[in-house]
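One chain, chain A, appears in both complexes that follow, with chain B as partner in the first and chain C in the second.
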Partner chain A sequence: MTTLSRDSDIPTGRSRRVRGRPLLYTSYGQDMALLDTTAKRIWTLVLVLAAFLLSGMLADRSLEVLAGAFVLAIGAIGLNIVSGYAGQISLGHAFFVAIGAYTAAALSGPVDGRNLGFGLTEIWIWLPAAGLLAALAGVLVAPLAVRLRGLYLAVVTLGLVFLGEHIFKEWDHLTGGPGVGRQSAVPTLFGARLDVDGPLGTREQSLYTLMLIMLIIFAVAARNLARSRIGRAFSAIRDRDIAAEVIGVPITRYKVLAFGISSFYAGCAGGLLYVMTGFVEPGSFSLLLSVQFIAMVLIGGVATVSGSIMGALFIVLIQPLTRALPGFVPFISGDTTVTPNVFQVETVLYGLLIVLFLVFEPRGLFGIWIRVRNYWKSWPFSY
Partner chain B sequence: MKGLLETVVRGLGNGSVYALLALGFVIIYKATKVISFAQPALMLAGAVAVSYLVEVTGFYLAVPLAALMIALLALGIERVAIRPMVGRPVFVVAIITLGIDVVIRVVVNHYIGRDVRQMGDPWGFDQVSIGPLVVQERWLAMLAVTAVLVGLLFAFFRYTRYGLAMRAAAYDQETALAQGVSVGAVFALSWGLAGFLAAIAGMFVGTGQGVEQLTWIIALKALPAIILGGLDSLGGAVIGGLTIGVVESLFQSYQGDIAPWLGQNFAVVSPYVVMLLVLLVRPYGLFGTREVERV
Partner chain C sequence: MTITTVQTVETIVTRVRDRASSNAVALRHKDFGVWQEITWAEYWNQVEIVAHALLALGVETGDRVAVHSENRPEWLYADLGIVAVRGVTVGLYPTNPASEVAYLLADSGAKILIAEDQEQVDKALEVLGECPALERIVYLEPRGIRGRYDDPRLLHWDEFLFIGVEHRGEHPGAVAKRMAETRPSDVMTLIYTSGTTGPPKGVMLTVANVEFAVEVLVKSGGFTSPPPNERDQTLSYLPLCHVAERAFTVWFNSAAGVQVNFAESIETVQANLREVQPTILFGVPRIWEKVLAQVNIKLDSASWFKRTTTRFWLRVADRVGDALVRTGGTHTAATRVLYTVGWIFCFRALRERLGMRRVRYASSGAAPIAPDVLKFFMGIGVRMHEVYGMSENTAIATANRPGRVKLGTVGEPHDAIELKIDEATGEILTRHPGTFAGYWGNPRATADVLDDDGWLHTGDVGEWVDGTHVRITDRMKDIIITAGGKNVAPSEMENALKASPYIKEAVVIGDRRPYLTALIGIELDVVGEWARRRRLPYTTYRDLSDKPEVRELVQGIVNGVNEQFNRVEQIKLFAFLPKELDHEDGELTPTQKVKRSAIARLFEDLVEGMYRR
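Showing the complex of A and B:
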């Protein structure tokens, strides 16, 4: 039978790799694999193991910083889904992060406390709830987004941030009001609190491990999403939305989906973000937070998951460097009331970095990594 | 009724400031297809320049001088940071303007310091009565100056060679280039004009209450104004600005009594609500050109 023989000609699933030829794919499945070469498999494993081992090696203070970076990376991956993969510029990410943060805080807050609270401290309850509520908000906003493109969309999502800021500042039963704030989400896993020193290690060690696991889950999910039918539809919409519609991508459905998924990530990141500080204030969800997320995506690499993680780590890890500046440069002050102070320098640095990356390496840190990798791949030849 | 009319006059006064800012946004957008997020910083710089110059030259000379200074600053920005980016994605340029905005504001904040800087304007909070209405002089001044500037601007676009060149370049850059229009000069001119208008707007924002580091946020209200009017419509920018001003003023006066559940200071975000509602009905604003796209 001809059909049978033809079927057997096209190998499906995981077939045997040819030794010494890492880029020779013998099946479609190999081409689409998350970790398509042996080197990637080994190094990813090493990296993940090293990340877990770090929790025993670093000081608690550094672990807290890194854990924060991991959570921001989840948010950055979310923004990358809607802006990088689906190409819908969103300045409203901070709004969805805020919804997640307050959903988580309210669900896990004490029932008879000063602020709204339901006493459900189990993380597997409030984390999905935070994500889902933010996703719902995203889906509600999406009808506007579907009709708008480019700069109109950017300005509208910007408006969302201002509206959100207003709501959260005014609704003080939920948020505690500006300058006061409220207790943030309490992470409990099957009755064991993760934000206190316990049998698993110190508070920082257990939180670090929690955030790392969360980041891995969300990152792998995003990678899988990107290589699925949905991911390909997103790319088609990004590259040319009308053409995508013509070849049969239901544009409205996928734009709504992109906003929903992105907001789900933002909501989860918001829920986790303030666990470390134990405190959340409505003023934190300003345009600056949105810009920070955009900086992470652009500096890390548009439409790459590993880029988002690199970007988040980069943005978080330059903070200790800039905070140390007053020691070296005498005219920069560490005091917010004096100009120029460290925070202004930081803001300028974000802007400058975004511009430099956009001009010289639009693919971001991920692009730099690709260039370095390609250089050594063909070393000692230039290509 | 009297209260309502006074509220509307206040709204028109503030709205004309938004209209000036919105015109700057639209002029730059029409020339370069970019929303310049540097506009708030230019506005702030204009206000601060006036507040310093007023001590040397007096108010009426300080305003045009400051406006020219900011126009030159905008020209410089365009030449140094925007022109090399021609041909790059719009989003890249928009982010660059955002970065420029931050840089300028940091420098300008240095000159503002921690206190409020006064404009030294002749109006202050003085009130004047027109018939039964009692309104602040500065709102009338804003409205009058904006009316004159808008008239001049429209005449400029309608009757001068450069205005024609700008309209041509906005309509079709390549064709304009082929007809001998220097598109680079058009870019520069549009940034200069936007800087000029922003400085005047900044001066008006500073009248009465003075200017401080956070004043730049007011310029962001021009964004709902341009979206409302349509990104590429000059008339739309003026109408959008005035509408936003009046809506905000109405919310300021009446929302506390009629709808207190919206929370205090809802007026501050009311422009965005109006923008969202209008966009639901008309995705390209009231007067914007509908994009026709071919695959």
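Showing the complex of A and C:
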């Protein structure tokens, strides 16, 4: 009887927008749309086009740096899913990145090489495999997160990093051992190697394009995840897990899912991360890498995808600046054996930036952008 | 042999029926955060079901059916369904307290009441004994009613529709047959006057009256130019039982296909305006004054840079407004340039925030308004027109036409109507096919306002301006004759006072008194904000009014207004109203007009105090 108010023969729920009324939503689809205004559509398109065009304009060295930043951004988005959206503090991100990196390296490595290898160089094989294996590890760790919260969870995930570091240093056949390392994953797409100069341009140009496409895929997927039922469940758990459970969110399932998805992102990032250098060393997956990811998330903006990308770009792009420091500040050395050197300065800088951002702009770079946008959005008033 | 052809009479219902094949949007209402769209096909289907349900409940030609609800699609379904079965729609204000509900239901003799929710049902149940004719109460929202109340007269809207669907199945042509019998002389609605002086009177409007209004106001563009069309959007937020909102919502919608968007409630009008960005916007003076006050509050609390730039552009708007007032609403080359620059920096964003970015026609009516308020809106680019009409002449009298605006007047008489000003009394008289059929059950009152030649005595005193436009001085009954014998129109002074954002209510007193005084009510939001910025602590409305600083502030405004008038017309003293005026307490009419007699009675000691010194 309740359906009587609307005749079912007549089509309803049309999703057509009313022209010139950006705030008039006639369906939930419009309300939830990623690019809900024309301005957003145009600017996103411009930004993406500009990013692609950069590959023909920048020097190869810069492209390599940017490509690295894009991969780190994928990892940062992954950390943001578990820590930003679902609110589960994880210091163990480097561990999952390592699993991805070695899965990819092993799968694509030469069969008869010095290290473990299966000769499957096709990227569409080793990339998902890297992600899935890392996700599996994440799902195995997740039950801990179901029982622990906050600081305790942070400590447990911190343990993962040390555990991983030890395993990878000792497992010579897979990793080549500390200080030696092994060849990283080889990207081949339908028989064409992407890490050599080819028809798509130089090695750096094709890798840059590859990483950009990957980033776009992962970023869009994360945005869509965040606005789905799963994303809302994550936010509910983050804001108050008991309340979330009361309103019917199965906490265990969603926490496991959050770790799984986050680790998948980390694994994929790991697989791609060392493609540029062509070489992976077990010492790289230390606590510092985890801290770097956390810095990206906090500096970029918690629970935002664009913030993660901004954070990754920021962290990567301050490196050339710090590397140039010895030229201006004489007592800082570019040599790792001397104290203070630029690498120490960098580490101190990460810590300092995290502190400053948390104190002054907890929403990170994205928060600054929101502030600027709201300033003009609320024109001519202040609210 | 004679052939009798049944000439079907066009009504607002047939107009909706004729659009029923269209899948375009007729109505929108916000539900669960989303604007749900209702097509003409759905709209007509609902109207038909309601009409069948009314037939099934035994509504006969001329039976009154009351609707007591906020604006929502069901109001329109009910209204049109009632008219389809030749019934008479009686609208009740949602704010009507139980005592007034009793009066309106008893006076109209309504057979069925369509009540929105528990609040309205409770009012009706409370006074059931006084309304013997009431047979059924149909409620729209079951919350708090279903399962708790067991009065056999109660019927849920869904059950009501179910009855309609069943009836349609059994008697498919019954509604069409009843519609075909419609005569132009059928009374289709009773619009109760707001009753500033006595009990409300039911104005009978016939099918012919409304058709004439549709012809003059909608079809030939009596208000808007060009006439309204299917692409226009309106926001329906004022009570639909008032003739103005009925015209802008129901008649504009059915006759011109204007898309109607229902505001969620009167509190959310600002937000809804922003979302809908209507193209045609009607407001009562209180609404426009409130928007202006809001702009000032928000500007005062804006950051320094925003405040300074916007204040600058508002001064520019003031100049543009002045120029537009001189030209009657058409831009000169200079103002167009000035406005375009201001549009980029301020007006575009400001209008977007106010929800008036796309307004092509805005109008104010139903009560007098201060010209300064209108000028503000003209200056920022909202084409503002003051219009005049009343229930008794189906809202057809005068309107400022686009491009021929004269500020301070209510505009020119519509084409095809007769309007004259009585030379002896200055009263405005109108005569046209829209003149009402009489007051319901009150032939004596009808005879008082409708003379033998068909002239309607509006009760408003007016004068010609430049021979084309009409300026209204005041309601005849409100004219004050001071002890010195001077005629004073209080509404002019009151509106000048109310043009200040700090003043919400102003009642000028002085009939048969030695000098003029005023009762003034402050605008709590604005004065509160003003006090907050001066770090002036206060607790309640009354406490704030009693502050010497506030008195000083208002004295300044009163002095400013006094300068505009000659000496005998100046306000000597004023007192603050100790409370905010309210409909529930009988101080205001449902349309927020002040009931002078009630005020004079309630605050007698305040008034006497001002004359005792």
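Worth a mention:
As a convention for this text, the second predicted complex is superposed on the first by the 352 of 383 C-alpha atoms of A that agree within 3 Å, B and C clash if a C-alpha of one lies under 4 Å from a C-alpha of the other, contacts with A are read in each partner's own complex, and residues count from 1 in each chain.
The rule is simple: a contact is a pair of C-beta atoms (placed from the backbone, for glycine too) under 8 Å apart; a residue touches a chain by one contact, two chains touch by 3 or more.
Because the structure is predicted, anything quoted here is derived from the model rather than measured.
For chain A, the partner touching the most residues, choosing from chain B and chain C, is B. In the superposition on chain A, A:25 makes contact with chain C only, not with chain B. When both complexes are overlaid on chain A, the residue A:198 reaches neither chain B nor chain C. Once the two complexes are overlaid on the shared chain, A:158 sits against chain B while remaining clear of chain C. Of the two partner chains, neither chain B nor chain C is touched by A:320.
Contact with neither chain B nor chain C is seen for A:113 once the two complexes are overlaid on the shared chain. Common to the chain B and chain C interfaces on chain A is no residue.
Residues of chain B touching chain A in their complex: 29, 35, 85, 88, 90-92, 94-96, 98-103, 106, 109-110, 113-114, 220, 223-224, 226-227, 231, 262-266, 268-269, 272-273, 275-276, 279-280, 283-284, 291, 293-295.
Contact residues of chain A toward chain C in the complex are 1-2, 4-7, 10-12, 14, 18, 20-21, 23-28, 31, 378-383. Residues of chain C touching chain A in their complex: 23, 28, 33-37, 39, 41-42, 45-46, 157-159, 161-162, 165, 233, 274-277, 298-299, 301-303, 306, 309-310, 313, 346, 349-350, 353, 358.
Listed in rising order, the residues of chain A touching chain B in the complex are 89, 143-144, 147-152, 154-156, 158-160, 162-163, 165-167, 169-171, 240, 242-243, 246, 291, 294, 298, 337, 339-340, 344, 347-348, 350-352, 354-355, 358-359, 362.
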